[in-house]
Amino acid sequence: MKMSVENQSIIEKLDLLGCIQCGRCTGGCPVTVRTNLNVRRFVYDAYQASLEDLMEELAQYSEIWDCTGCHTCAVRCPKGLKPVEVLYSLRNQIVESGKVEPTVRDALESVFLEGNPWGKPKATRFDWMEGLEVKTAEEGQEVEYLFYVCCSVAYDPKLQVVAQNMVKILEKAGVDYAFLGEEESCCGSEVQALGEEELFMEVQEENVELFSSYPAKKIVTLSPHCLSALKKYEGLEAEVIHYTQLLAELIDEGKLSWEGEFPKKVVYHDPCYLGKQNEVYDEPRQVLKSVPGIELTEFDRSRERSLCCEGGGGKMWVETESQQERLAETRARNAKELEAQVIVCACPFCILTLDDAVKAVGYEEEMEVMEITEILGKVL
Amino acid sequence: MSNKENPYIPHMAKVEDTWYETHGERAIKTFRVVFEDEEVKESWEHLPGQCAMIGVLGVGESMISISSSPTEGKFLRFSVMRMGKVTQALHQLEPGDSMTVRGPYGNNFPLEEWKGKKILTIGGGIGQAPLRPIVEYVRANINDYQDLTVIYGARTTNDLCFKQELEDLRECQEVSSCHLSIDIEEEGWSHFVGFVPTLLMEVNPSPENTIAITCGPPIMIKFVLENLKKLGFEDEQIYTTLENRMKCGIGKCGRCNAGPLYVCKDGPVFNYATLKQVPEAFA
Amino acid sequence: MSEKPRVGVYVCHCGINIAATVNVEEVVEFASRLPGVTVVRNYAYMCSDPGQQLVREDIENENLNRIVVASCSPRMHEITFRRTLQDAGLNPYYLEMANIREHCSWVHPDSEEATPKAKKLVSAAVSKARMLEPLEEKEVDSERTAMVIGGGIAGIQSALDIADAGYQVYLVEKSPSVGGRMAQLDKTFPTLDCSACIMTPKMVDVANHPNIELMTYSEVEEVNGFIGNFEVKVRKKARYVDIDKCNGCGECADNCRVKNRIPNEFDANVGKRSAIYLPFPQAVPAKFTVDPDHCLYLTKGKCGKGPKCQEVCGTGAIDFEQQDEEVEVKVGAIIVATGFDTFDPSNKPEYGYQDYPNVITGLEMERLVAASGPTGGELLIGEGENARKPKKVAFIQCVGSRDASVGNEYCSRVCCMYTAKQAHLIKEKIPDAEVTVYYMDVRAFGKGFEEFYDRVRREGIRYIRGNPSEIFKKDDKLIVKVEDTLTATPREDEADLVVLAVGLEPRQDARGVIDLLRLSQTSDRFFMEAHPKLYPVDTSTDGVFLAGCAQGPKDIPDTVAQAKGAAASAMIPLSRGKVKVEAQTAEVNEATCRGCGFCTEVCPYSAIELKTINWFGHEVNVAEVNEALCKGCGTCSAACLSNSIQPRSFRDSQIMPQIAALGVKS
Amino acid sequence: MSEKVLQKANWSSFVQALADARELWFPVKDGPIYKFAPYSGDVDAGLEEYAYSSVPPKAVVLPQTETMFLYQVGDKETSLPEEKKEKVVLGARPCDARAMDIVDRVFQWDEDDPYYLENRNKTAVIGLACNEPFVNCFCTSLDGSPGSTQGLDVLMVDLGDKYYLRSVTDKGSRILGDAESALEDASGEGSQAEEIIKEAEGKIKRSIDTEGIREKLEEGWEAPLWDEVSRACLGCGACTFLCPTCHCFDIQDEVEGFDGRRCRMWDSCMFGEYTLHTSGHNPRPSRKERTRNRISHKYRYYVEKFDKIACVGCGRCITSCPVNIDILDILSRVKEEL
Amino acid sequence: MVDLETIRKKAKEIVSREDVKHLIGWRKGTFGYRVTPYWVEAPEDAEELVYSPLCNTNLATSLTLAEKLPLPKGQEPDRRKTALLVRGCDSRAVVQLLTERGVDREQVVLLGLPCRGVVDLRKLKDSYPEDNEVADAEWKEDKIVLNVSGEKKEIPREEVLDDHCLVCRYPNPVEADETLGEKVEPWAEESHPGVEELENASFDKRWDFWEKEFERCIRCYACRNACPMCYCEDCILDRLNPTWIYRSNNYSENTAFHIARAFHLVGRCVSCGACERVCPAGIPLGKINQKLVKEVREKYEFEPGTDPEGVPFQASYNPQDQEDFIL
C-alpha cells in the first residue's frame, strides 16, 4: 500500500481512523434533510481516498459546498473528531485547483487585495466612524479592550449600526477601549471555510503581527466568526472574547445600565459560531434580560440544540439548491409561533440570513430582525 | 615538574591482603599494601607514629596512621574504620585491587630518644593502630629498651583490633606484659572487664624511667592522663597522637591546626607537656 | 555488609519477548565486564523452575551475594526471585531487577536501540545491587474482622461469604437500606428473573447473620492503620427513629405533612415519598428514617402543632433528639463495594432530557416498569387525563458511554443488554408499540446475551444502526434526528417516549472514599485495582479490596463473582492472623533531621510522627517511622529538605550509582 | 630598576603590549563588583573608576578552583593539567601584593607547593598605588602603605594625566621593557609620586596598634569576648574568601562519567564542615571557635611561624561582612579586654 | 511608627523577666551606615538598641543560628526564652519556622515593630558614599532621612529602599506578643517587577543573564547562612556522600547550588531579601526566589509565613492543586 506523505498527514491530522461511524455527525447536521450532504460518508470515504490518492475526485461532489460550518458535527462527535474539517480540506482541493465559483473567487481575491470579502475598498473600512468620537488604538500603547470590527459590520449599511452603538455603549461604561485604525483587515474565518487554507495562514500571520503592535489585555470581536478565527490564531497572546461577554461583565459589575425601555417580545437565536463553537450561551441572554421592559422567549431548539441559519461556512458566497425550505425560514416560522416581535441575534451573518428569511416568508410587517446592540442603542 | 616531585600526586599501592579486625556498621578492616613502583617501594621510609594519605581515585583521600613498623618489611599496613565516603570506598578493596598512598607525613615517636627506657602503651579501640608500630618496633629492637607494657581495651570483643596479635603478645617472653580489657562483661572473656583508665590503675606501672604513650577516644585519653598523673608520671613522660581533619598533609591547607600546632607537621605525635599549652588540642 | 559484592547477573530471553529485540549475548558479554560481577548467565525463561535453579546453584557454588535479574517488571517477578534468593540462603533484598522487557524490548522496535538500552539498564541495576543491604521482613498480628463498605449486591455477597467463613463483618451502607442498585431493577437480563426476588433473601440473610453487624444509614469517616490493623471510624447518622422500637407499620409516613411530595431517590425520583420513609417495601432493615433535609420539624423547627408522625407512632419510636453516633471498629481487611451512579444526561443537552418529560433514563424506565415501582408497573406518558400508553418508543444507546466529549471513553457493558430487556418488557406490556433501538454496535458478549438479543429482535424490536444526534419537538411530537448509517439515510423519526440508555459512572463521592482509603483512580475515575489482570480485586493499599462497579462497570454475575473473589482475598490476613509488613521502609537520620514535620504531613500512610529526643542534653524533635505502617513509597524522602529520611533499598547512596550508570553525572 | 611614565593617552597600547607578551589579568567590572579576569581585548576602560577588586588578585595565583591532576576512573595513571602561562597582573593594590608575599611563605615552607609556586613564579604584579584610600583601609598599621612595593614587580602611581611606573624587581624591569614603546622615561615624576603616596597615607582613618596582640590572643583564649564578637556571625565565608591572605583549601575528587579530576578549591575556616570529623566530632564546633581561629591564625599562629602578621589591612573582611563583624573592633577589644 | 525610647523601655522590661535569656535587636555598627544584630543581656544594654531603615538583617535568622553544643552530662539546657524584635518580614520568618516546627512559640518572645522598609546599601553607594563616621537614618513618611556627620539628607524611598521592601505587603508584624507603635499602611501592590521583566525575556536572554550572575558567585554561602529559612543541621549542599553539588566553583555547579537552594525555599521564602543584601558578589538572588514566590502565590494562593496555624506549603496537598505544568 502506498501512502503519500501528505495524505498520511490528513489521515493523522483529522484522525480519520478514530471514526467509529456512529452517524452522530450526519444525524446532527442541520442541512442533511435539505441537501444530499452526508458528513459521515465523507469521513469514511476520505480515508480510502487518501490512501488511493483520490481526494481530488472526492472533492468533485458538490455537497461539500452545502456545509454551513456550524460545527455541530464536531461538537457531537463522541470521539472528538472534526468532520467539518474533512469538508474544508476537500474544498481546499478545489480551491487549489482553481475550479471555484466566480463568487467565491471574487470574495477570496477581495480578502487578498482589500482585506474584506465584500469587494469593498480598504480605505472605506472605517467610514462607519463618521460623526462619532471613536478612540483608535495607538501603536505600542496598551489598552484594556481592543475592538475588532467584522468586515460585514464595517461595510454593510444594515450592520454598521452595531459598531456605532458599540462605541456609544463603551463611552457610557467608561472603559479603556480602542478600535483598530485603518490597518484592520479580514479575520479569515470565511476564507478558511471556503478552503483557502493558505490565504488564511497569510491573514493569520498579518493579523498576529498587527495585534502585537497594538497590545491589549483582551481583544473583543463584534462577530462570532471573528471570535472563532482569532481564537485559532497561533501566537496571539491576548485573550479573545465576544462583545456580549464584555457587556455581560460590565452589566454585572454595575458599570452599565439602561435608561429607556424596550417593551417587546423577543426571541434570541443562538449563532452557531458563538454558541456551539465557543459555548457562549448565557451572556447574550444576560445582556438582553438587563433591558427594561423586554420579554425574552426561547425557541424550542435553542442553546446547544439551536438550529443553524445557514449563514456561515462561506455560504454567503455559495448558493445551495434544495426543494426544502431554508432553515432561516423555519426559524422565522418558529418565531411566529412564539408570537415574537423581534428575532434578536449577536452575529452579523445570522442577521443577514434571518432578515432575508423574514422577508421571504412575508413576516416583515410583524417581525423585525435585530442585533443585540441595535436594541441596546434604543435604550441607552 | 614531574609527578614524583609533586607531593600531591599519590603512588599506587597494591592490596596484598585484607582482613577485618572488627565487624558491624563501623567495621575496621586492615590492608597490607605494597607499592607498585619498585623505586617508590625501595625509597619509602617511615617511622612509627607517621601517617599516610590513602585513598581511591574518583573518591578521595583520608589521612590514616601507618600501623606497621618499618621493621616488619617492605609493606605498609593500614587499619581503617568504615566511616565516610573514602573509608567506605577503601573497604570495598580486596587483594589485587589498588589504592593510592602518599606520605609519609608527620613526625614520629622519638624511639631513638627512648632507648633504655620502659615503654608503656595505652590504647583504646582503633587508637591501637598508631601504637601498634611502637609495639612492633620495640619488639624488634627489644634489647634497646628496658621493658614493654601494652594496655589495650575496647567496648566489646568485637571492637578489639589486632586480637590475635595481642593474644600472641601475651605469650611472647620479650614483652613483660600485655593487658587487655573490654568495657562490658562477655561470655568467654578471661581478661579484665572495665574501662582502660581503670585497667591502667590495676596494672599500676611505675613511672620510673618510663614513657607512656596513649591513643584512643578523647574521653579515654582524658581519664588516662588523669590516672597517669596519679601514678606519678611527669608531663614530659607522656606522649599521645592527635587526629584532625586533613586535606593536604603538608601544612598548606590549613585545617588541621590545634592552636598554633599543625597536626600534619608538628604532630601527630605530641608530648603532653606541649599539648597542655594548647587548649584546642583537647577540644 | 562490608564484604565485597559478588554479583550474579541473569539475563532472561522471555522466550522471544526480550530476545527478539535485545541481543542477549551482547548484554551478557557486556555485563561480565561490569565491576563486581562474578557470574553472568542467560536463560530462555528465568522465572521457570530451571531458571531459578541456576540462580540457587550459583549462589551456593560461586558465593554470590547480590543478584541482578534482567527480565521483566519487578511487579511481575520480584517476589518470585526474592523467594529464590531466600531458598538459597541469601537475604531476599539482595535482589535487583533490570526491566529489559516493558522498559526496553517491548517499546523499542529494533535491536539497535534496544540492546544498548538493555546494557545501560543492566549496568544501572548492577551499580545499585552492589550497594544493597539486607533487610528483615517482619510480621504483625491481624484483626480477624473485616469491613465491607457498600450494601449493594457486591457488598452483601462479600459480607455473607466472610461471615459464613466465621469472621465478624461490619457492613456499612450509606442509605437507610441495603439493596443498592440491584434492588432498583425490575427484571434481570438475559434470564428475566425478578431482581427483587433473588435479591431480598440475601438482604434478609445479611440482616440476620450472627457474624454480620449491619450499619445502615452510616458512613465511614476516617480510616487509620494498615492491613490487619485498620481502625475505622463510622458515623451512624441519626434516623430520628429508634430502630429497636420501630415495627415498620408505616403509620408515620401515611400521616406525614409532606406526604408524596418528596421525590423518592429509590424510584430514580419518578415516584414520591414522605419525609419519614421506608425507601422501598422490601427494605432491610424495615425501619423508617426521617429525611432531615425535608422534614418540616427538622428544617423549620415546626410541624403543625407537633410532628404528626410522632403523634401516630404506636411504639413511640420517633425521637427527634437523636444525634449522630460515632463508633470505632478495628478490622483486618476492608472491601470497597460502593457501586456506581448512572450518567446524568443533562450533560448531553442535545437529547433534551431536561426539556422534555418524555425523555427518560434507563433507570427511570426500570422503576416505571417495575411492579414495585411508583406506577405499579404500568407504563404511561402524559399527565392526568392525557395519560396514555406510548405507541412509539425509542431507545438511544451509549448515552454517556464511549463518548470522549463527556469524558467517558469506556463502554458501560450493561446498556446494550438492559435496553434489549426493557425493549422486550415494553413489547410485552404494549404489544402494538413500535419499539426502535438506535445503536452504534450491539455488544452481547456474556453468557446467553447474544441469544437474548436475537430473541428481542424477533419480537419485532427495530434496531437502527445510527446514533441519534438530536431530539427536538415538532407539533407535540418528539423527533429523533438520526442517520441510518447502514443505508446512509438521514431520518427524523417520531417518538412518544425516548429512553436514554445511560451508562455507568463512578459514584459522585468516590473521591472521598479514595482519600479515606488512600486508593488510586484509573483515568476513567473508577477505583484502580493493583493490577488489571493479576490483582483485579486488590488495591494499592494492602488489605483494601474492590468489589463490583466501584472498580468498573459490570453486570450482576460479574459483580457477584468479583465480590466472592474480594471476600476470599480479604480472608487471607483474617485466617492467617498475621500480616507481613514492608521491609523496605523509610529510615530517619536523627543526626540531621531538623524535626520540621514535612514528612509527617505528606506521608500518605500516616506512618511518621515527631518525637522528642535528647541530643547531647538538648531536647530536639526528630521524625520517627512506624515501620508497620510505612510502605516505603518515598514521599517523605522527596519532601525532606535536609535529606534525612530515606527508604531502605532506595537510599541516595543506592540510587545515585544507579543513575550514574545510566550515564547521568553523579 | 627603571622609572617610566605612561601617558594616559597611551593606555591602550600599553595594555596591548603587556597582553602580547604575557597573559594579562586586569580588574574587570562584573555586575556591581570588580574582579581580576584575563584581558580579552575589549577592556579599554582604564583604571580610573576602579577602586579595589572585591575578589582579591590572589585568585590569579591561587585560583578558587584548581585542577591538581586528572585520571580515568578505574585506571592507575594520573596526568597533570596543562602547564601554566606567564602572567602579568595589572592594577593590583599594594596591599594585595603584600598579601601574596604572606601567602608565598605558606606555600614554600617545609615542602613546596608546586601548583602555587609555578603560578606565582610565572606571575608578575604591576601594582597601582592608592591615591584615595577606602573606608576600611588600615594598611599603615601593618607596615604597609598606599605605595608599598613589597610583593610588587612594578609600582604604578596615578599622577592625573599620566602614570608613573617604577620597576621593583628584575622581572618588573623586563615587563616594562616589553611595553617600552608605550612608555617614556621618567623625569622627576618619582618625587611627585612619593608625595601623592604620603598624602594618601594621611588620609587613612582606621588603625590598630598591633603591639602585644599576639600575647593577648594566647592568654585570652577563653575570654567571654569571643562569645560576644561571634554571636552575630552568620558562618559564611565572605570574610575569608575575600581576604587576600587567606589561603586554606579543600581537596575533592570530581568525576563526570569516567573522567576524574582531583582538584582543590578555596575553603573557609568559618565553615563548620571545615574541621568536622567524619565521626561527627568537631574540634571547632561553633562560630565562636571559628572566629577565634580566624583572628588567631592571622595575628598569632602565623606570627609565631613566620614572624609576621598575616593581615595586610585591606579592610575587605570588614566591608563585606553582612553583619558588620569588624576585625579592628575585635582587635581593639582584644587589646583592651584581655 | 514607633520611637526608640518606647522600644528601649519595653526591651528593658522584657530582658528583666526571669524567663527571658536575652533580647535580640540591632545596634549601631562600627562605620558608615552599618548596623549589627545585638544581644541585649541586661536592662542597661537596651540603651544601645537602634531601630532605623539601616537595620537590614533578618533577626529570625539568629534563632536558627544558635548552636546547640553538646551539654556536659547532667547539665540542664537553658530553657529561658529568646526575645526578638520583629518587623513584618522577621515575623513572617518566625511564623514560617513555627509551622515547620523549627521554633517553639513558647520559646520566643516577639516584640513587634512596624517597618517602612530598609535601605539597600548598594543603592546608597554612589550618591551617598559610606564613610568611617557612623551615620544614622530615619523614616520620614515616604522619605528616608540620612544623618551623616550632622548633615541631614532627605531621599525619596523609591531611590534607596531595598527592592523587596518596595513591594512589601507586610510592613507590620503578622505575629507578635506585643506590637509597639502605630501600624503602617502597606504601600505596595502585588507585584514582582524584577521577576516580570525577566519573565518577558526570551529563554536565551534569561539563560545569559543567570549565567553571567552565577559565574560571579564565590560560593561563600552568605545567602544561605543569612536566610532565616536555611536552617538544616546538615545542608545537603555540604553533603559529600553523595555529593550533590561539587565544590568546584564554576557556572554549572554554582547554578546547581542556587537552583537547589531556590527550590528548597519554594513556599518557604518570606521575601525578606536578606540573601540578596548579603551577597558580596551582588547576585540578584531575590529575582530567583521571587519568581517562585510568585508562582506559588498565583498557582496555589499560598504565602509563606502568614498563618501560624497553617500547614507548610510543601507538606500540603490538595487533589485540586494545579498540576498543568507537569505535562
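In this document, chain identifiers A, B, C, D and E correspond to the written order of the chains, with residue numbering beginning at 1 in each.
Keep in mind that, in the parts below, contacts are C-beta pairs under 8 Å (C-beta built on N, C-alpha and C of every residue); 3 or more make two chains touch, one makes a residue touch a chain.
Bear in mind that the values here come from a model prediction, so they are computed numbers and not experimental data.
Q: Going chain by chain, each one touching the next, work out the least steps from subunit A to subunit E.
A: Minimal hop count between subunit A and subunit E: 2.
Q: Taking all protein C-alpha atoms shown, work out their mean, then name the chain whose own C-alpha mean is nearest to it.
A: Of the chains present, the most centrally placed is E.
Q: If you tally the C-beta contacts, which comes out ahead, B-E or B-D?
A: Comparing B-E with B-D, the pair joined by more C-beta contacts is B-D.
Q: Please report how many Å separate the Cα centroid of subunit C from that of subunit E, as a whole number.
A: From the centre of subunit C to the centre of subunit E is 49 Å.
Q: What's the distance between the Cα centroids of subunit A and subunit C, rounded to whole Å?
A: 46
Q: Where the centres are mean C-alpha positions, what is the separation of subunit A from subunit D, in Å?
A: 74
Q: List the centre-to-centre spacing of subunit A and subunit B in whole Å, with centres computed as mean CA coordinates.
A: The answer is 91 Å.
Q: If you look at subunit A, which of its residues touch at least two other chains?
A: Touching at least two other chains: none.
Q: Give the residues of subunit C that touch two or more other chains, as numbers and ranges in rising order.
A: 591, 666
Q: Would you give the residues of subunit D that are in contact with at least 2 other chains, written as numbers and ranges?
A: In subunit D, residues 74, 250, 252, 255, 285 touch at least two other chains, as defined above.
Q: Could you pull out which subunit C residues touch subunit A in their complex?
A: Of all residues in subunit C, those touching subunit A are 349-350, 352, 355, 398, 402-405, 440, 465-470, 472-473, 481-485, 488, 490, 492.
Q: Show me the residue ranges of subunit A that touch subunit C in the complex, using the header's touch definition.
A: Subunit A residues touching subunit C: 20-29, 32-33, 38, 40-41, 72, 75-80, 300-301, 303-305.
Q: For the complex, give me every residue of subunit D touching subunit E.
A: Against subunit E, subunit D makes touches at 30-33, 35, 54-55, 64-65, 135-136, 205-206, 228, 231-232, 234-238, 241-242, 250, 252, 254, 263, 265-266, 268, 271, 273, 285-287, 318, 320, 322-326, 328-329.
Q: Which residues of subunit B touch subunit D in the complex?
A: These residues of subunit B touch subunit D: 1, 3, 5-10, 12, 36, 57-61, 83-84, 87, 98, 218, 243-245, 247-248, 250-255, 257-260, 265, 279-280, 283.
Q: Give the list of subunit B residues in touch with subunit E in this complex.
A: 84-85, 88
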